[in-house]
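One chain, subunit A, appears in both complexes that follow, with subunit B as partner in the first and subunit C in the second.
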Partner chain A sequence: MLSNIGISLVVLVLILSFLIIYTASVDLKISGQNIKRKIYKLSLYQITFTILSFFTLIIGFINSDFSLINVYENSHTTKPLFYKIAGTWGNHEGSLLLWVNILVIFSYLFLVFNYTHDKKFRLYTLIFQNILILGFLIFLLINSNPFNSIYPIPVEGLGLNPILQDPALAIHPPLLYVGFVGCSIYFSAAMASLLSGYDGKLFARSIKTWVKISWCFQTLGIIVGSIWAYYELGWGGFWFWDPVENASLLPWFAITALMHSLLVLEKRNTLYFWVIILCLSTFILSVTGTFLVRSGILNSVHTFASDPSRGIYILFFLSLMILSSLTIFFFKYKKENYNFTLKSRETFILVNNWFMVFFLVTVLIGMLYPIFLDVLTNVKISVGPPFFNIVIIPLVVPFMVLMAIGPKFGWVKSKDKIFYKVLFLILGAIVINLFIIYFFGTYSLLSNLIFIAAIFLILHSFLDIKKFIKNKRNTELARIISHLGFGLLVFFIGINHQFSLEEDFNLKVGEIKKTHNYKINFNNIKIKENKNYKAVIGNFKLTNLNNNLVQYLNPEIRIYSNPETLTYEAAIKTKITSDLYLTMSNVSRSDYYNIKFQNKPFMVWIWISALMIALGGFIQLSFKKNEN
Partner chain B sequence: MKISITKIIIFSSVIFVLIIFWQGLKKDKNYDTKSLIGSKISNFNLMEINNVDQYISEEDLKKNRYTLINFFASWCAPCRVEHEYLLNLSNKYQQIKIIGINFKDKKNNANSFLKELGNPYDFIGKDADGKISILFGIYGIPESILINDELTVIKKIVGPINQIQFEDILKIIK
Partner chain C sequence: MLTKKVKNRILFLSFIFLLSIASFFFIIKSLNKNILYFSSPSEIKKREDIPIGKVMRVGGMVKKGSIIVNQKNIQFIVTDFENEILISYSGTVPNLFAEGKGVVAEGRLRDKNFFVADRILAKHDENYMPPEIKEIIEKNVK
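After this line comes the complex of A and B, so read on.
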């Protein structure tokens, strides 16, 4: 029943896409500034049916309708309602349907909200977006249909992977999807702009909001994923330079570069082709990331049951996208002349873009190199954190300094004398850095530079806030918060990295372990039956020997029944100044448990500062109206 | 469109990357240790499961024309399936010696397992925590590695030995 409704809706959307492409191409030849009402209507039907199809799948999950293979494979009757719903996008097929939904929603919104822009440009955008929609719909129908039915109908489902049963992870995919798939709209707009010749300032204005929206969601999505990894995976870290994390960073670097250079295009009407390149590559990198992750070329928690035929289809579509966009781009490319003066804001934005491209290329190489090596020479290697840390971290130092100074300069040419202020602030940063060394301990030369640069950026941002309070220019606020957030992020990551404690040891119930200035008593073990898992809960008493503060931590080992899996839940006590982190795992055939104890200073501030970066974007979105 | 070197370079590198992706897709992503074949085993030193003082080392292996190193456990059902082939090999063919590595198992269980099904092994090594097996790239049992008197790995069998693999082994050792 649901299977038929779902498939019918998807087929309807497919037909509507064809119709939209057709009517839009016909309308292209008609002069005038108004798009036919019929196209609006078709688009409205398209968005309605698409959303309905998604709701059909959600209903299937809520009612545990196991006549759908997808529900059978990814859900279970005893699962809490929240996770039943989240299960809709917690698998390959469902998430692809969500993907199509976002393509369609952005297509519709772009059409409706950009009514002031050139007709031809809007029609071309619609056509390209619908080609993308078609591509993914066909993929969904022939290869990954979430509405495939199964007969006889099973009585019980197989369950959702327990590590995905986490609130952060329930919202992580939708956020990232809005972020990554949202890029599709300015991919289409960039292609449309090349073909219709609607360029420059006006083009920048037409895509500005969409770039900001997808930037905000991407940033937030990546942060939520990282929070999930910290709380759920139980490794005590929050960023692992894992191929999948890298895949999510690539479009983020491109889009961050785009956000900045878009300003130049809007204010100075230059850098047009560079902006187009960034528009195209942001979405291309998103799809590349999806391809690498979903095809199983890269193995990770995100590889749903891997299936090479999937990979071949995405690869085919990806090749089509890249080659066609490259061809169109080369056909339309004209050499641009830039006359930037050294001391101008646009120069600094260009420098920002170089840095972003450098980071992007570094991560791309780190990610692709193992694949290349494996294909060409059969040697399997993995590129880990050391590579990224060595290549990226030193560059973060000048990056942060320029990030602080850049916005001080005006457009075109600036006469501000900022030299003394910079000198003063750098001295301030050095002094603060010395304070940290004096009170907490020394670190390497590079760390010194990182801290000084981060503090410099933070101090600069504070001065900016002071200035903002005086003249209240809203666009400035967004930038200040994001830049301050970045400075704080690097600062707290640095502190966290330098001053974390980590201890690994085995303990039996009743035993005591002393480490650094903590005493850890392993009091007892309790077993608790929950709805969809059994938990072995350890009770640990933690005494801080410095101030005799006592805390209890209860890490868990969870035994999920459907599917049968063990997960380790870390016990984390979050305080303003530090996190205490304790995980336990059973040592087979012994009474001992392996305990991993960590004290991680300022953990919560890492999240706060990362969220500040995203917050800046949201502030800019909300102030958009006042500014125009 | 004017054709320039830059454009050609960009196009070819894009196509190169896409081809690599395509080739990557065709690759078997299952973890495999095929690369083990042709390599020499080293640092081989095993303790006998029932006799703490008895060891087997590389020097002992060099004395055999062929040695089949078989990873097994009493709790492993597929190990029972391949057992008759192992018995067959050890009874009929003098040129091959079989060394069993008892993977994550208890001594008593392993002994009763062999009492029940027969003992094809010339030596049974102890690997109670599974660490030695990991050094051999074992990721599931049963698995078997065939080596010659130069300690070179000739064949690796993942999963229980079946008729085809049994005949392959015979071909090699004859």
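After this line comes the complex of A and C, so read on.
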């Protein structure tokens, strides 16, 4: 029943997309500035039916309607309601439906909100966006249909992977999807701009808000995924340079570069073709990432049961996208004149873009190199985290310095004398760095440079805040907060990395272990029956030998029955200054439990500063609305 | 004679060119330093030039009944149904680590029969198997 409703809705959307493309191309030939009402109506139907189809799937999950294969494979009646709903997008087919939903929603919103812009440009955008919608809808229908039915209807489902049953991971995919799929609209807009000749400042203004929206959500989505990895995976880290993380980082670099150079296009009416390249590559990189992960070419923590046939379709579609966008681009490319002076804001923004491109290329090479080597020589390798750390981290030092200085310069040509101020702040940063060494202990030369650069950026941002309070220019606030957030992020990651304690050992119940300045008593274990899992809860008493502070930590081993899986839940005690992190595991029911104990300073601050980066984006969005 | 403007431009372009070449070499060089090779127990036995003491990955199945846990570490045997290797590891194991299941260990070889792991790689799905191991098993078990 639901299966039929769902498929009919999807087919309806498919037909509507065709109709929209057709009527839009007819409307293209009619002069004037108003788009036909019919197109608005068709788009409204399209968005309604798409959202309805998604709700149909959600209802299937809520009611545990196992006549749908998708529900049968990914849900179970004993699962809490919240995770039944989250299960809708916790699998390949459901998430693809979400993907199509976001494509359609953005298509509609762009059509409705950008009414002040050129008609031809808007129609072309609509056409390209609907071609994308068609592509993914066909993929959904022939290869990954979430509404496929199963007969005879099973009594019980297979359940959702327990590691995905987590609040952070329930919201992580929708956030990332709004971020990544949101890029589609300015992919379409860039193509439309090339074809309709609607370029320069006006084009920048038309996509500005959409770029910001997707940047905010991408940033937030990556942070949430990272937080999840920290407390759920039990390694105590938050970034592993896992292929999937890299895949999410690639579009982020591109979009961050885009966000900055868009300012140049809007203010100075130059760099148009560079902006177009960034618009196109952001979405292409998003799709590439998805393709590599879903097809199983890259193996990683995300184990969507992978399927090569999926890969082939996405690869085909991807090549079509790249090929057509490149053709149109080179066909329309004209030489631009750049008139940049060294001491101007646009030069610094360009430098920011170089850095972003360098980071992007580095991560891309690290990610693709193993694939090429495997194909060419059949040698299996993986690129370890040290590669990314060695190449990227040293460059963060000049990057942060320029990030602090850049916004000080005005547009076109600046006469500000900032030399003494910079010298003064660098000295300040060096002194603060010496204090840290004095109180906490020494570290390598590179770390010194990183700390100094980070503190320099932080000090600069504080001065900017002071200035902001005086003259209250709203547009500056967002930038200050994001840049300050980045400085703090690097600073706290540095501190965290330098002064973390980590110890692995095996203990029997009742034993005591002394490590660094902590005494760890393994008091006892308890067994607790929960709705869909059984928990073995360890009770640990931690005594800090320096100040005799006693704390109790309770890590868990959870035994899920559907599907039968073990998960280890870390016990984390968060304080303002540090996190205590303890995981417990057990191998083949021996008397010994593996214990991993970590003390991680300023962990909370890493999250706070990362969230500040995203917050900056959201602040800018809210101001934009007020100004209009 | 070239004008000053053209001169500047040529200087600028060659600067950019050199910079990008330098950074590219920098990337490739650190890439070569930091790649981890993946080997099966059989490859370790057979190959002469296997590097002892360099970080690498070993994968296969955990042999049934081979896991020994004591106060300091965990020892187990990894097999590809042709050859086997003893692995020693101290630390928490991922939740899907079990006898008869696939495993990938990252660490260093002490000699051709003994491997000290720093990390056991986590896989989060009970049905999932790293492609490297799948290949080995398909080759050896028929």
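The rule is short, and it goes like this: the second predicted complex is superposed on the first by the 623 of 628 C-alpha atoms of A that agree within 3 Å, B and C clash if a C-alpha of one lies under 4 Å from a C-alpha of the other, contacts with A are read in each partner's own complex, and residues count from 1 in each chain.
In this section, a residue touches a chain if its C-beta (ideal position, glycine included) is under 8 Å from a C-beta of that chain, and two chains touch if they have at least 3 such contacts.
Bear in mind that the values here come from a model prediction, so they are computed numbers and not experimental data.
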item	value
Combined model on subunit A where subunit B meets subunit C, clash or fit	clash
Subunit B versus subunit C as contact partner of A:V383, first or second or both or neither	second
Partner chain(s) touched by A:F331 [first = subunit B, second = subunit C, both, neither]	first
Touching partner for A:I608 - first (subunit B), second (subunit C), both, neither	neither
First (subunit B), second (subunit C), both or neither touched by A:L233	second
First, second, both or neither for A:L52, with subunit B first and subunit C second	neither
First (subunit B), second (subunit C), both or neither touched by A:L463	neither
Partner with the higher number of touched subunit A residues, subunit C or subunit B	C
Which of subunit B and subunit C A:V509 touches, first, second, both or neither	neither
Which of subunit B and subunit C A:I69 touches, first, second, both or neither	neither
Overlapping segment of subunit B (options 20-28, 92-100, 110-118 or 128-136) - the one that collides with subunit C in the superposed model	128-136
Residues on subunit A lying within both footprints (that of subunit B and that of subunit C)	296, 299
Touch list for subunit B against partner subunit A, complex	1, 7, 10-11, 14-15, 17-18, 20-27, 29, 35
Residues of subunit C touching subunit A in the complex	23, 26-28, 30-31, 33-38, 55, 57, 67, 69-74, 90-99, 122-128, 130-132
Touch list for subunit A against partner subunit C, complex	161, 163, 233-235, 296, 299, 301, 303, 305, 358, 361-362, 365-366, 369-370, 379-384, 386-387, 390-391, 504-507, 563-568, 583-585, 587-588, 590-592, 594-596
Subunit B-facing residues of subunit A, complex	291-292, 295-297, 299, 306, 308, 311-312, 315, 318-319, 322-323, 326-327, 330-331, 368, 371-372, 374-376, 378
